[in-house]
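Consider the two complexes below, in which chain A is the common component and chain B and chain C are the respective partners.
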Partner chain A sequence: MSDNILEVRRLRTSFFTDTGELRAVDDMSYSVRRGEFCAIIGESGSGKSVSALSVMRLISYPPGFIKGGEILFDGRDLMGVSDKEMQAIRGSEIAMIFQEPGTALNPVMTIGAQIEENIRLHERGVSREETARRTAELLELVGIPDPETRLKDYPHQFSGGMKQRAMIAMAMSCRPKLLFADEPTTALDVTVQAQVLEQLNDMRTRFGTSLVLITHNLGVVARYADSVKIMYGGRIVESGSTDDIFIEPAHPYTMGLIRAVPRLDLPRSHGLYTIEGEPPDMSKTPPDCCPFHYRCPYADERCGKERPRDEEVSPGHVCACFRRDVAKAAWKGADA
Partner chain B sequence: MNEQTTRRDDFLVVRDLKVHFPVTRGILKRTVGYVKAVDGVSFTIRQGETLGIVGESGSGKSTVGNGILRATPYARGEIIFDGVNYKDVDKAGMRRLRKRIQVVMQDPYSSLDPRMNVRDCISEGVRIHKTMSKAEADARAEELLELVGIRRSFADRFPHEFSGGQRQRICIARALAMEPEFIICDEVVSALDVSIQAQVVTLLMEMQRMFGLTYIFIGHDLSVVRYISNNVAVMYLGKFMELTESETLYENPLHPYTKALISAAPIPDPRVDRVRERILLTGEIPNPIDPPAGCRFCTRCPFASDECRETEPAFREVVRGHWVACHKVAEGGAWRG
Partner chain C sequence: MGKYIVKRILLLIPTVLVVCILTFAMMRMLPGTALDYMVKRLTAAGQAVDVESLRVRLGLDQPALVQFFTWMGGVLRGDLGNSLFQYESVGEIIGRELPVTIQLGFMELFWTILFAVPLGVWCAARQDGVPDYTFRVFAIIFMAVPTFLVASIVLVYPAAWWGYAPNIKYSGIFQDFGANMRMFLVPSVIGALAQTGMQLRMVRTCCLETMRTDFVRTAWAKGCGEWRVLIKHVFRNSMIPVVTVIGGSVAGIFGGNVILENLFNIPGIGQQLITALDQRDYTVIQGCVLVMAIIVMLINLLVDICYKWLDPRVEID
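Entry: the complex of A and B
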């Protein structure tokens, strides 16, 4: 058995629109170890959600299309399995939690029925009583008080935080091996965010699930993640252990993201940092360049003409940037 | 307005503002209760300064803004804007007053008309209030667009052609078009990526300096709110829990709820974040139709005692300029535990 539950190799997903091909995921490779808490960080439009949807094979054609690559899940190539097999895998072996719990839940079904549906669909021969018992147990595990009563409630009777907990319960109902959580806390209040993250992490350790958390806020993963991948313009521009990324960032974009998180633990004079400009329009960005060069303070001529290759900074810490040395010197200078 | 040399200390005075929405039932719309969204808040804002209001969803922070805008018929209490008491103005006077107060809202996707190009979006208010001609208004709109960092040549484009951050800039330009003196910023960065949030906050601060604007900045993330605010109020279930100068609030928070908010804010440094002490609140904000007896925060407060569950603590000034509503905080700010 391989150490990795998921291996994505050279994944390319595009959307074909009126304005041309939009390369949402452009040659992305990564792996997730069994039981790992892995974070994928990127701005809106960086391709982070599309990369997860591609693994789930939830890209609808047209306009989307997985152009190439391999997705090895637990040793199986998901690109080769039939739609029917994929349906069986989705929800039972790989599950996903979305940003907006309000729209992801069916408003005309009770919370309990929705969780039970998932169990019944994926596990034949489980009795009605057993399903109901497991559902209540799951709701209790995610911290919903009085679960037997609450599972008869409809989604509108739940608050945002509780809906997200119900989503976690549903995702965990078949004890998946891999869970994608796409911005699960972005729509929630700060205090509830902390609770939901704690819950997710707790469920991960309890069920031995590997977790891929997708977010735009680097700050939220510092405490929990084992490894971090930074996405920009459809690619992973830097990846490494959490300490590598936060303490020894190598890519100028990563440095910008770290500095952009407003710090409550530092005096206000520390100032607010902003990454100037906007994320690139991937239908207009040529493939042979560093997608960050438009906004990078260290970019030179080469960055606009050639695509930087992945280079190992230290064991397990990979970065794709031509101007690494200059950026690093500036980072160290600012730190001191 | 930027030539003004003397700044009013009491530019906006709010006394005991209450917004109670009636809950009705049946075909006769019998009132069966009230959602006490705002239940008695008082504050004063100095001209050219920013009051931050922090709280979770359901705390009533946006309703405070709506009360000041007179966007709700259920507001009670006293509001005095630049020396003018709302009570003393008639409908026409209110219209004139409201021109001086603008709002920028949370969702830049739904607050711009998708069928209007951004030039029209920005100049719509001016056209309605008929303060200048169409040509003047258009020229002004383009000027403002440039001021907020969007190219003039984009004035013919439609909202969907812009990113979230750019749309929020357009909303700011639209608010500025009325040449207001006071802007209510309601969760203006919450829908944006962290990397873009700072751009919008910085823009608002620049505009404040340039035009001598006064702000109320509403948000749920203390780490953003404190950057732009002179004073910050922490709100919970319709009431202020704590109010003080922005840096004092984070250096020396007195209310347990404020402490919990601070400890929940993420820190992008695993060395700090893994070891720091966190107060994880249990549960969520209670239903404002039926707030808990005693202190409103007692159901989630890790330090709540019988006293807290029985009597509501007064919102009092324990140190000069530092107001707090908590039984456990003694005069002078010491913790009584």
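Entry: the complex of A and C
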């Protein structure tokens, strides 16, 4: 059995729109180790959510289509399994939590019924009482007080944070091996965000689930994640352990992201750093270039003509950039 | 819930009162009175008419306000008065003819829901597939072609080609169920066509909208199969706007389908109302409008209760 619960190789997912093909995920490869807390960071539109939805094969055609690649989950190629098998995997072995807890729960079903549905879908022959008991237990685990009563409530009777906790309980109800959390705290109050993340991390360790957290919150990543993947323009431009990424960033985009984090230790006059420009339009960006070259301060001619290959910076730390050395020197210089 | 229903029923009273006043006033404001019509008809038949004694007999010599309160007083005692033209009380006429109209209406509604809802869901599930396009085209055709045209075609051509004609001899549903159904089947299906077309498109649109929501994506992510997603998650959520539209159309259905009643010789209230309007048969019109208004309002109440049942977010009090 391999060390990796998930291996994605050269995944390509496109959306076919009126303006042409939009390559949302463009040749993306990564792996997640068993029990790992892995973070995928990127701007809106960088293909983070689409990559997760692709692994779950939840891209609807039309307009979306997984054009190619391999998705090895627990040794099985998910691209090759039938729809029926995929249904059995979803919700039991791979689960997902979405961004907006307000809209991600069915408004006309009770919270309890929605969690119970997940259990009953995947575990035949579990009695109604047993499912109800387990649901209450799960709600208690995610910190919902008085769970036996609350599971009869409808989503609109829950607060945003409680809805997201219920989503976590639902996702964890079958003890999945892998959990995607797609910006689970973005829609929540800042005070609630930390609690929900703590809960998520707690449930993950309790059930031994590997977690892929999709976010653009670097603070959260630095605190919890074991490894980080930086996504830009539908690919992973840099990946490595959290320390590698935060202390020794190799890609100019990663450096930009880290510099853009507001710092309390610098004087107010310092101002906020921003990466100039906009994320690339993936229906117009040619495949044979570095998607960041439009905004990269170090870009040269080659960056616009050729696609940088992944190169190992140090063991386990991979970066795809031609101008790594120049960027590194500039980063070191700014640091000093 | 019980409190709410009682409150709504109490609220019916002022509404019904306004309906009564308006109907009464509008009938008197129309040019030509029941008396004029009666005199004209009697004179045409060659009878000598004593206009003044006729006026007194019909009670039209009283001031309008007195006429209104006399009539209202009767209504409150459960007496809708007598028809000015037929030797029958309005209560008898309504009791005989309204159930016929309601039967036709319910059958139209039955066909509409039976076909529009499942087909609409199917079209949404297989969006842009061949059945989707086919049903959408037919839906448009059904909505565009007027009922009287379809009814006329159905009455004329099968008779000309195969010597077949729908049964147009009325028998009550409790007297002879088979004959009754044979009579109502064709007109109710024809009446349902336009409704079905409209509702099918409505159901389809609502389902498509719901299918794009986040909670449906959650349902897929949980590992629900397509049927489960459609029935448990999409269907109920998309029925909320559909019920609104169906509720609205029910009022129209019970208003009497004059054309169908006419063409298929169905002794319903629609035809009665047209005749009464023509003759200015005040009591019949007032009585019919009153009863129909109450029915429509009760249906609206039913629709509102349906909302609560469909959508727990609706606060009913």
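Here is the rule we use: the second predicted complex is superposed on the first by the 330 of 336 C-alpha atoms of A that agree within 3 Å, B and C clash if a C-alpha of one lies under 4 Å from a C-alpha of the other, contacts with A are read in each partner's own complex, and residues count from 1 in each chain.
Here is the rule we use: contacts are C-beta pairs under 8 Å (C-beta built on N, C-alpha and C of every residue); 3 or more make two chains touch, one makes a residue touch a chain.
Model, not experiment: these values are computed from the prediction.
K.L.:
Specify the outcome, clash or fit, for chain B and chain C once both structures are aligned onto chain A.
P.N.:
fit
K.L.:
Just to be sure I read the superposition right, which of the two partners does A:326 touch: chain B = first, chain C = second, or both, or neither?
P.N.:
Once the two structures are laid over each other on A, A:326 reaches no partner at all.
K.L.:
Between chain B (first) and chain C (second), which, if any, makes contact with A:90: first, second, both or neither?
P.N.:
second
K.L.:
In the overlay of the two complexes, what angle sits at the CA centre of chain A between those of chain B and chain C, given in steps of 10 degrees?
P.N.:
70
K.L.:
With both structures placed on chain A, which of the two partners, chain B or chain C, ends up touching more residues of chain A?
P.N.:
Touched residues of chain A are more numerous for B.
K.L.:
Could you look at A:195 and tell me whether it touches chain B, chain C, both or neither (first, second, both, neither)?
P.N.:
first
K.L.:
Considering only touches as defined above, state whether A:273 meets chain B (first), chain C (second), both or neither.
P.N.:
After superposing on A, A:273 lies in contact with chain B but is clear of chain C.
K.L.:
Name the contact category of A:218: first (chain B only), second (chain C only), both, or neither.
P.N.:
first
K.L.:
Applying the document's definition of touch, where does A:58 land relative to chain B and chain C: first, second, both, or neither?
P.N.:
second
K.L.:
Give me, in Å and rounded to a whole number, the least C-alpha distance separating chain B from chain C in the superposition.
P.N.:
Distance of closest C-alpha approach: 6 Å.
K.L.:
Which parts of chain A are touched by chain B and by chain C alike?
P.N.:
After superposing on chain A, no chain A residue contacts both chain B and chain C.
K.L.:
Where on chain C is chain A touching in the complex?
P.N.:
Its residues touching chain A are 213-215, 217-225, 228, 232-233, 236-237, 310-313.
K.L.:
In the complex formed with chain B, which residues of chain A make contact?
P.N.:
Contacts found on chain A: 43-45, 145, 159-162, 189-195, 198, 216-220, 222-223, 242-243, 246-247, 256-258, 260-265, 267-268, 272-276, 278-279.
K.L.:
Can you tell me which positions in chain B touch chain A when the two form their complex?
P.N.:
Contacts found on chain B: 56-57, 163-166, 193-199, 201-202, 220-224, 226-227, 246-247, 250, 260-262, 264-274, 276, 278, 280-284.
K.L.:
Would you mind writing out the residues of chain A in touch with chain C in their complex?
P.N.:
Per the stated touch rule, the residues are 56, 58, 87-92, 95-96, 98, 100, 103-109, 117-118, 121-122, 154, 156, 167, 170.
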